[in-house]
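For reference, the structures are reproduced in the following blocks.
Look at the two complexes coming up: subunit A is in both, with subunit B in one and subunit C in the other.
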Partner chain A sequence: MTGPLLDIRDYRLDIGTFDGPVHVLKGINLTVNRGDTLGIVGESGSGKTVLVRSVLGIGPKNSRVVEGGITFDGQDITRLSEKDWTKIRGIRISMIFQDPMTYLNPLFTVGRQISDVIAAHEKAAGQGVSPKAARRARTEELLDQVGLPNPSMLFGQYPHQLSGGMRQRVLIAMALAGKPDLLIADEPTTALDVTVQAQVLDLINSLVEKLNLTVVMISHDIGAIATVAKRCAVMYRGEIVEQGLTADILSRPQHEYTRRLLAAVPDIDAAAAKIPAEPVAPEPAGPGALLEAIDLRKIYRSQSGAEVAAVKGISLSVRTGEIFGVVGESGSGKSTLARMLLRLIEPTSGDIIFDGRNISGLAGEPLRQMRRHMQFVFQNPHSALNGRHTIGDAIGEPLRIQTGMSRRDIEARAEALLDIVQLPKMFKYRYPHELSGGQKQRVCIARAIALNPRLLILDEPTSALDISVQAQVLDFLQQLRAELNLTYVFISHNLAVIRQICDRTIVMKRGEIVEQGETERLFLSPQQDYTRTLIESGRKTSRAANLADHAG
Partner chain B sequence: MTTPITSPSTPPAAAITMIDQTELSRPLTFRERHASQIRQWRLYAHMFRKSFSSMLGLTLVVLFLLLAAFGPLLAPYPEAASGAIDMSNKLMPPTGANWFGTDEMGADIFSRVIMGARTSLWIGLIITGIGALVGVPLGIIAGYGGGWLRAIIMRITELFLAVPGLALALAIVAALGPGITNCVLALALVWWPGYVRLVEAKTLSVKEELFVESARSIGARTPWILWHHILPNCLSPIIVKMSMDMGMAILSAASLGFIGLGAQPPAPEWGAMISVARTYMPDWWWYSLFPGAAIFLTVLGFNLLGDGLRDILDPRSRDR
Partner chain C sequence: MLTFAFRKLLTLVGTMIGIAALTFLITNVAPGDPARLVAGPNATEDMVATIRTEYGLDKSLPEQFIVYMGDLMRGDLGQSIVTTRPVMEEVLRYAPATLELVFVAMALGIVVGVPLGMLSAVYKDGPLDHVTRIFSISGVALPAFWFGIILQLMFAVDLGWLPVSGRLPLVTRPPETVTGLLLVDSLISGRFQTFWTSLQHIILPAVVLSFPCLASILRVNRAEMIEVLQSDYIVAARAHGIASFRIVALYALKNAMLPTLAMIGLRFGWMLGSTVLVETVFDWPGIGLYAVSSALSSDFKPVIGVTLMIGFFFIVANTLVDLAYAWIDPRLRSA
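The block that comes next holds the complex of A and B.
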């Protein structure tokens, strides 16, 4: 019982690739005592996931421990055999994964999956497997422990019948099934909505107290870490650049990288110093409106004939030159709305008026011409680019489709566009997979502005990106708008981001507008309960992360 | 002002930044412009070389291609292929002069096997070529178009797939009359449905990709999307299937030759040779053994090559 529970000493890990070994972890030193809650913060590629997976013995293929080792409860687990791992994995160390959907088998009931885990643990522990009824009782107890209502009914349900937050709770219950000493949480809230995030973090906190759990949680979201972890370590390029008490790190960051990271976190409580749009049209919608939607509806018909309304009668008006925010949780219909505005999805009914012209009836060539003026930036830059086209081809594609420009002119224009989005000209020969997420999103933006559109619809343009990259892209988008005189419709679930850049905002829930108005007014005096809950949940993590600002 | 974000998450970023430092106004060399492709091809070569069976397949296929290309120069008795008769030498076992022995007309089997390679290559290329040429466009149209168009194409495809291909080809050749051209034609006619199935399935998944929607949002017409986005992303499985089909097509043509519906003697076609040799089994074993071995090795080679290509082209098996 003496000594730390988990002790990582000078741990160096290389992954062998075609381009030679990559030093993923460079001398990690980390100790976790019993009852500790440790957070590891880092951007994608910083090696945090590789680190915790190594602790569980499920590190990447072709990896090689160069130096150092990991000791768990006095036992060296650096080079354990697969057989010995079965006595540790899930029993002494458990893990919660990022995406609760893909880690549950859709073919089996929740109860069956958890009881199977219990049975497996009992088998591995060398005891006989307990009878079915006993396992069922234990499963229901676990489900109750993670705050799920009505466990006995839940036992017989399938994963697809549960919401994202409930699935994450089921995964946590499963991880607790073996009564682990150490619980590893790999981005447990990233895939969840803001309000659900807050609940899951609360749950982890209460479990730590109730069961005296030791938790290692990794996340790129400092807010989430700050809510749960007492101690925290900051990882950057395979190294731990700083560790200590979370409160200390947030209020007095020592390392330059930590400072940059903290500065990049958008603050939900800060009124943003916006770059005012040049032609601010103070008069309400009318002559200044660039895009209007009148009573837009989208109804999907399921195979059984039931009708599901994704968007229920939305009317909005976007003024020339403004940034129009659309905020809502997943399933609120905001992406459907965006695609309808661009006529990528056919609305069931309603009108879309762009620049005084009704475009909802357009088809064929006129619609194709229309597309020049309004462009879309997708949420996920990794899949919005064709992996088999070079960056130059991707940026030149709209020009090749929409203009009669010669090949040489298109090349020159693509280079100019790369310059505008602040990427080196060299990149036109590269392929998407060679670029980082932020670079790819810049390429997508370059592609979107190639035809000098007047309206950009941005569907969560930063949610697939790291926080520091997100800040850069947001700054850049504002700069670009001023330079090119653009109008944005900006869709996001991140309230802090919305507050930072949007002039007016609508809040959506289940396909309807809950509240709309000037962004500042919306945040300072929300009129609807839903808006208030949304802002409160967002504030919870945001405030924790912004301790630094409030303290100093 | 230009401050590119270089994230540590992309391994080849090192290569990019290295070139960045030299980014000047000078025109780039070929190697610099195509650094990405060169790396990709080297990666493919590296992965291919690691697998013994892939390399064996490649060796067999290259050997076969060399024989097909230079057969007439390599064969010791080229006239043996065109029905030269030397009755004094008939049915001789393998010797130093006739490595594979001689047939009932006294022709050198070694020469005939070598000369047969070209016929087989020709058969394989035409059958898989026509199959892909017909099947791929139909598959893409069915997958992308959907609706009644897809229903029609897929039902016809299924109709063809429901009848065993070789049996159907047999019926067609029987109707057209035996001969190598008819045999190839018949096989090509039954070969395309496989490609429709394959490409349709692949198109269905590719068309849901975000970059297709992205292309639509910039105003791309359907043919543009099919040609520039869907087809390139379907190419890997097509290449794999074609390389495997080469072997199967050669085997099928040989089967038709064996039952006398394909190439007619004295054409040096492997299937037809075995067909004649059948009556000389087992005493004159070399007569059927060597053409049989040629078919076996060729089909094996193409299958191993196809397997190897699948391993390197499938992104899931790509552990770089």
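The block that comes next holds the complex of A and C.
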């Protein structure tokens, strides 16, 4: 029992596609000893998820191991039969997942799902399934172990009745059901709010200590890795480019890619080195407010008649030429607010004043005309582009709708726009699936600026992107603002990003503004408890990742 | 859940009133003078006028509508001209035969369609998937009357395994009427021989009626299963060590059943409509056959009665589907 718990040797894996095999993993070497906490960091497409799923035998269907193998506790598990897997999966190795929203079956109660897992394990162990009551007791014990209050009530609840953080705890309880030797955590915090992220990471740390768990955690968030893992491996394009103690890698990255990755992580504790906007020409028109919202409210009424206020009377004023930040956790109403500003969602009451004109009463043609001046960039560029339209069509669309430009002019303008967002002209013939996430977001931005708008509302424009890409897009957005004299409303849950680029910021919670002011002031001397909690939680992972800067 | 059920019940009543209004409107905008039709081609003007007053056709349209709705409330669908008996009584006499046929056909569609769809999804692009694909395309494409005749020729005429048409042989005395469904009544009265004969009679028409329905249930279930099997919670269930069979047959199927149920509800109504063709081919004494023979003799009250009856069963079936939805999906119960 002295050998390593998990040993991956020269592991090569191909995935068969229509165009022939793709080499997804190119000779992976990893060892994990009992009691280790190993982090694997890498961006989307680096192969980290395929790697950990192979360890559990749930890799992609059409994959083929070309070379090498995986040994678990002395047993070769590279090509196990489905029957033998049942003795390992969930019992000796278990897994927690990225999005607790989608990894729980919506039609079964929490209790049923966990006790089913317990029953499956008992069956696999050949003990015969214990009675319902015993499984219920064990389930409630597990729920208690992961820090969930009132386990007996929770037992009969459905996933949709729980918050994101609670669901992630339920998934962790499920993973612990078989008292596993090895726990694999696949981006366990990515889909969670900052404050919840910190709690879940704390929970994992405490479980490691209490249950003597061995953990392999993968994430693109180097901060999350640094809070949990003692050792760390950096994956890039199917290879491990660097591994060692996490502290060493953070302070002395050897590989060029690791260095780039670390540099891209925004630091919550660093004042922004902003690209100065065009010396904000004091506009002669009015007090300089481009967009104002006065007592904006949105109330949703459910079928049963209950009223839910998504936004409760928000007033704000965005000055011409500034980047106006809106920060808050999910459910705070920030996206509803953003959509109301553009009248994509109809406010229940309140006024929206754009450039001195009240647009809340506009309808039909005047509203359409007004939309030329204000455009929206969505969170997820992968779903914001129609997969059946070429990039040229996508960018030309607003021009076709809003202007009488000829086909040839539109094409020329689309090329010019691609140039502005620093993409090759020939991209106009491509389709969205041929582009990377960062490229797609640039296309979305090009589409948004096609009509020379004065205001861009950016709803979490970087949260679906990898960290290094996020850095590029943020830089680019700042440049673009300077060049085109734009005003941004920038929505994000990521405080480090907000600090990096926003001039003034409002902090939202449950549909209300908790605090507002100059971004720097907000970070240096927050007045409200909620703002402080938010910054503290964000700091936890941010600081771990920016260890190097703080040490040196 | 109770308020949900209550709300669905209210919707049911509302829709029923809507259907009644619509049928009234359609019969009144249709060309032709109903009084003249009733009186027959050789009637004098006087006779037509008498009939007009007798049937209340001389009143204004709104007045007629109120009378019509009032009659409906009392369960009065008017009289058949051919048989001179209340339409309600006749429809109720023929309805069990149709319902029996539709129930058996629906059961066939679900019992065969759902598992086949499930298996086609699990073994996607395998031999079984190809076979079911051909099967379901022909199911939707084949016209019912043609398919019915082919089956009659094969299994009844050539092979002689099954009877050609009808519900029971003329010589067989039907069991005592309890539900009106022969399969059930014969079991209640303990006449297993009669049960066996009526089962033989129902097989061919039920197969013909269920074939398109089975095909669409199969396709919807297959598509949904494929989607659900790729979902994150299925991956998670595998990772937690749940057995494959349990994952497919319980975890995935329950999720895939939601859209399948919607299809079942729709198909139920479609089936009721199709009985008109199938009952004619198989000489099945149900409301479809009744509607056809009434229409051929320009007897309109029965046609309207049958239309209302089919509408009623269709709405009831869809209300049941809605309730089943809420029963399966906890997210709908609170909505």
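Odds and ends about this structure:
FYI, the second predicted complex is superposed on the first by the 544 of 552 C-alpha atoms of A that agree within 3 Å, B and C clash if a C-alpha of one lies under 4 Å from a C-alpha of the other, contacts with A are read in each partner's own complex, and residues count from 1 in each chain.
The rule is simple: contacts are C-beta pairs under 8 Å (C-beta built on N, C-alpha and C of every residue); 3 or more make two chains touch, one makes a residue touch a chain.
Keep in mind that what you see is a predicted model, and the values were worked out from it rather than measured.
Contact with subunit B, but none with subunit C, is seen for A:P398 once the two complexes are overlaid on the shared chain. Within the superposed three-chain model, A:L30 lies out of touch with both subunit B and subunit C [touch as defined at top].
In the superposition on chain A, A:D116 contacts subunit C only, with no contact to subunit B.
Of the two partners, subunit B and subunit C, it is B that touches more residues of subunit A.
In the superposed model, A:F18 makes contact with subunit B only, not with subunit C. Of the two partner chains placed around the shared chain by superposition, subunit C is the only one that A:R89 touches, whereas subunit B remains out of contact. When the shared chain is aligned, subunit B comes close enough to touch A:L344, but subunit C does not.
In the superposed pair of complexes, A:L534 makes contact with neither subunit B nor subunit C. By the touch criterion defined above, A:A175 reaches subunit C but does not reach subunit B. Listing the residues of subunit A that touch subunit B in their complex gives 17-19, 22, 43-46, 61-62, 237-238, 342, 344, 367-369, 371-372, 375-376, 378, 380, 383-390, 397-398, 401-402, 419, 422-427, 429-431, 433-439, 444, 447, 450-451, 466, 469, 472. Remark: subunit B residues 1-16, 19-20, 23, 28, 32-36, 39, 42-43, 46-47, 209-211, 213-221, 224, 228-229, 232-233, 319-320 touch subunit A in the complex. Residue ranges of subunit C in contact with subunit A, taken from their complex: 3, 231-233, 235-244, 246, 251, 254-255, 328-331, 334-335. Interface of subunit A with subunit C (complex): residues 56, 58, 82, 86, 88-91, 94-95, 97, 99, 102-109, 116-117, 120-121, 123-124, 158, 160, 171, 174-175, 177-178, 302-304.
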